[in-house]
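Chain naming follows the written order as A, B, C and D, and within any one chain the residues start at number 1.
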Amino acid sequence: MSDDRKTARPGLSRPQMAWRAAQDIFDGAYVNLGIGIPEMVARFVPEGREVIYHTENGVLGFGPPPEPGQEDPELINAGKKPVTLRPGAAFVHHADSFAMIRGGHIDICILGAMQVAANGDLANWSTGDPDAIPAVGGAMDLVAGVRRIFVITSHTTRDGSPKLMERCGYPLTGVGVVERIYTDLAVVDVGDDGFVLREIAPGVDVQTVQERTAAPLHVAEDLRTIAAPDGL
Amino acid sequence: MIDKRVPDVAAAVAEIPDGASVMIGGFGESGSPIELIHALIDQGARDLTVINNNTGNGGVGLAALIAAGRVRKMVCSFPRGTTETRFPELYRAGRIELEIVPQGTLAERIRAGGAGVPAFFTATSVGTPVAEGKEHREFDGRTYVMERALTADYALVKAQQGDRFGNLVYNKAARNFGPIMCMAARTAIVQVSAIVEAGELDPEVIVTPGIFVQRVVEVSDPAIESRLIAQGATYP
Amino acid sequence: MSDDRKTARPGLSRPQMAWRAAQDIFDGAYVNLGIGIPEMVARFVPEGREVIYHTENGVLGFGPPPEPGQEDPELINAGKKPVTLRPGAAFVHHADSFAMIRGGHIDICILGAMQVAANGDLANWSTGDPDAIPAVGGAMDLVAGVRRIFVITSHTTRDGSPKLMERCGYPLTGVGVVERIYTDLAVVDVGDDGFVLREIAPGVDVQTVQERTAAPLHVAEDLRTIAAPDGL
Amino acid sequence: MIDKRVPDVAAAVAEIPDGASVMIGGFGESGSPIELIHALIDQGARDLTVINNNTGNGGVGLAALIAAGRVRKMVCSFPRGTTETRFPELYRAGRIELEIVPQGTLAERIRAGGAGVPAFFTATSVGTPVAEGKEHREFDGRTYVMERALTADYALVKAQQGDRFGNLVYNKAARNFGPIMCMAARTAIVQVSAIVEAGELDPEVIVTPGIFVQRVVEVSDPAIESRLIAQGATYP
């Protein structure tokens, strides 16, 4: 977690990005959270909203990681990390777990991304490097089946290349699937005519976000500043 | 807080509109959600498409819904009951449509509907009149027909216990179509003999996870169809 | 059951037909028995053979009917009759129950028939009468999925018309599915070249069986007489 | 009498021939039948096609089977472990084939194999390189790809309790691929922590009915993969 606070420059920290995404999770939602920043989202769901977390390997209704020493190797999530159970949890086999996904029963899935295109295309599994060993896991099933797909990602790569593109250059995970993107700089929706800049991080201006985005941003009329708590 | 409990069967079925498609659980009398069906009769929705393995028995439950003229179309495998019903008369008079589906194909189409699989292939019915007009295809030297998924606006299901999340366990052979119909319906409405506290159902033994259920209503002493029929009961 | 013994003329009674079929059920078999005479088969499986009975509505491992007064309306078989459970029984939902059938996991299914053809075609669900209300139940799934399909049927209809035909006249349940037929007169296999007369009921001659069969019978070299117990 | 119990893991896997296809249960370490896999390493079968979601971890279990050069082809969704394995090296050297299948498609293909469904359609992977070469088809305005069923000669699965009929219950998330792999394999071989008496498992809570299981072997204190790896264990 050492790089959770690496963003000293203006923009949200990783926990702040997760916090922002968490505000969009409604009471009673069935939610699947990807590995990485998406996992953090569960910590920040506003009090009073009851959310049921699904993990691909067949646990519905899991809770936070156990106390150290309480890990059960047979009770893990799709990231292969130990979890706990909440009241109302249920175990299912893998085909039933993906029936929940493919059948449209999960409300929200939040994933990481390598690239997102202005039409909602998502690339998050492969650089297409011929030497890379392909590994898709459940991402293609999630983006094809879950009702609403949200992405949390840094706005650019470490070397400053845009990740929000006119078209993805990397092999796709799904076509036209992403609805909303939470970055360290902004909240961007995928609209009918491409990216819509909905919210912007404190201390960041629209021009900066546009410069770091490789597709036109339509600025929402009611553009707002993200009010993430300090100190996250 | 998630709370899928509703106070009574009338509230549970209140919004079902005319023209809705309704999967009704049960195989014969086992698992038949009689109280929900009777509430639907009281509620008055018409022109329903009903998916059930059979067409009910005697003058109660599904048979009563059909007798009341509320069903425009039946999708089933075996439109006969253990006791006489009005279905044959309505069918012969052209007042109710019938789509005959082999029982296992019916179950698999419903399961596919719940699992987001739009179509699949099965060897069932190949070479029979039931396969006529369906797409045929060979895999590894055997011929199969393509079948489409079945979904519905609503499911009416009977289970044994449920909690506020909609988690369910069933009672013996009453399980039958319940789990897959809950999966395949946009709104699954379940009557249970007992609502239990959250966490009381062991996660290892839950048969239908709550994600597939939208409403749970307690009917603590559900009627037994064959006893009603033996008593000569009819509904309403 | 009044007509169980209606065959005063030579030939097997209905229980004797069931008895003969039961001899072919092996130890450890998973078996699905149709309504009518097939149901009787379970009574006559030789001692020492453990058989697991499957019923389409999702009970694996059921036992005989309960004592009067002990019926449970939620514990019935596909014929909608009350059953009991044996140790090792399990309940499954309808899709899983038919996965057992369609997936080839059931060893033997014994069904009734209206007609069986010399190529193994089976007709047992409809006379094709335009006034009849079609009703297939699980028969088409069973004949398409179960490994071995046996038929128990009277050799002819009540009015003496053959039920073993060159071709079925009624709408089919399945194509080329029947392996063996147990009738009141004979045990007939479906071979590569049509019907093979394997066994014959006591007091019945080959010519009689052939006369009541609407397709040629190849008489097995080792044609045997059925040794069904008397008094059944 | 039906008795699917075998005395030990060596007897359980003894007949698996060279070239066999083997589904191996488990997701990461949960549900991984380590003792059966190690018995298979001892047994010596080669040129195996292995179906598992991953490619194992460290130097034990599936990773050890791969490292021993026994696997000709892997069918999986995510050929990476939580710890380093020899898979990448063997793959880059062209010494092991890889068929990448999205995780849910993998599960559904296995389930289809067990349920006698030769092929089905899914929206998963449409528009991605994984869908290339697959048949595409539109249903109700959405595009799907056709996927074929997966079956195997054998399955190696870990469960919690089993009886002489092969009925099984699992332990928490270790359930994962076990039930569907038992369905899809011609011979499903299951290690359980405890064999119980016939009738001891409640018919309502059995997850895998014995009809899907051919052999049951008791491994009363199964190894925990992550602990073996933390200890630096390798096999053999």
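We take it that contacts are C-beta pairs under 8 Å (C-beta built on N, C-alpha and C of every residue); 3 or more make two chains touch, one makes a residue touch a chain.
Since this is a predicted model, take the numbers as computed values, not measurements.
Chains that touch both chain A and chain C are the following: B, D.
Comparing chain pairs A-B and A-D, the larger number of C-beta contacts belongs to A-D. Centroids built from CA atoms put chain D at 37 Å from chain C. Note on chain placement: the centre of chain A and the centre of chain D lie 30 Å apart, centres being C-alpha means. Residues of chain C in contact with two or more other chains: 91-92, 95, 98, 101-102, 145.
In chain B, the positions touching at least two other chains are 108, 111, 115-117, 122-123, 170, 172, 203-204. A list of each chain pair in contact follows: A-B, A-D, B-C, B-D, C-D. For chain B in complex with chain D, the touching residues are 108, 112, 115-123, 137, 139-140, 142, 144, 148, 169-170, 172, 202-205.
Residues of chain D touching chain A in their complex: 27-31, 53, 77-80, 82, 87-88, 91-92, 98, 100-105, 107-108, 110-111, 122-130, 170-180, 207, 224-227. By the touch rule above, chain B contacts chain A in their complex via residues 1-2, 111, 113-117, 163-165, 167, 183, 198-199, 201, 203-204, 206, 209-212. Residue ranges on chain C touching chain B, taken from their complex, read 55-59, 72-78, 80, 91-95, 97-98, 101-102, 121, 126, 131, 133-141, 144-145, 171-175.
Across the complex, chain B is touched by residues 27-28, 30, 50, 52, 54, 60-61, 85, 87-92, 95, 98-106, 145 of chain A.
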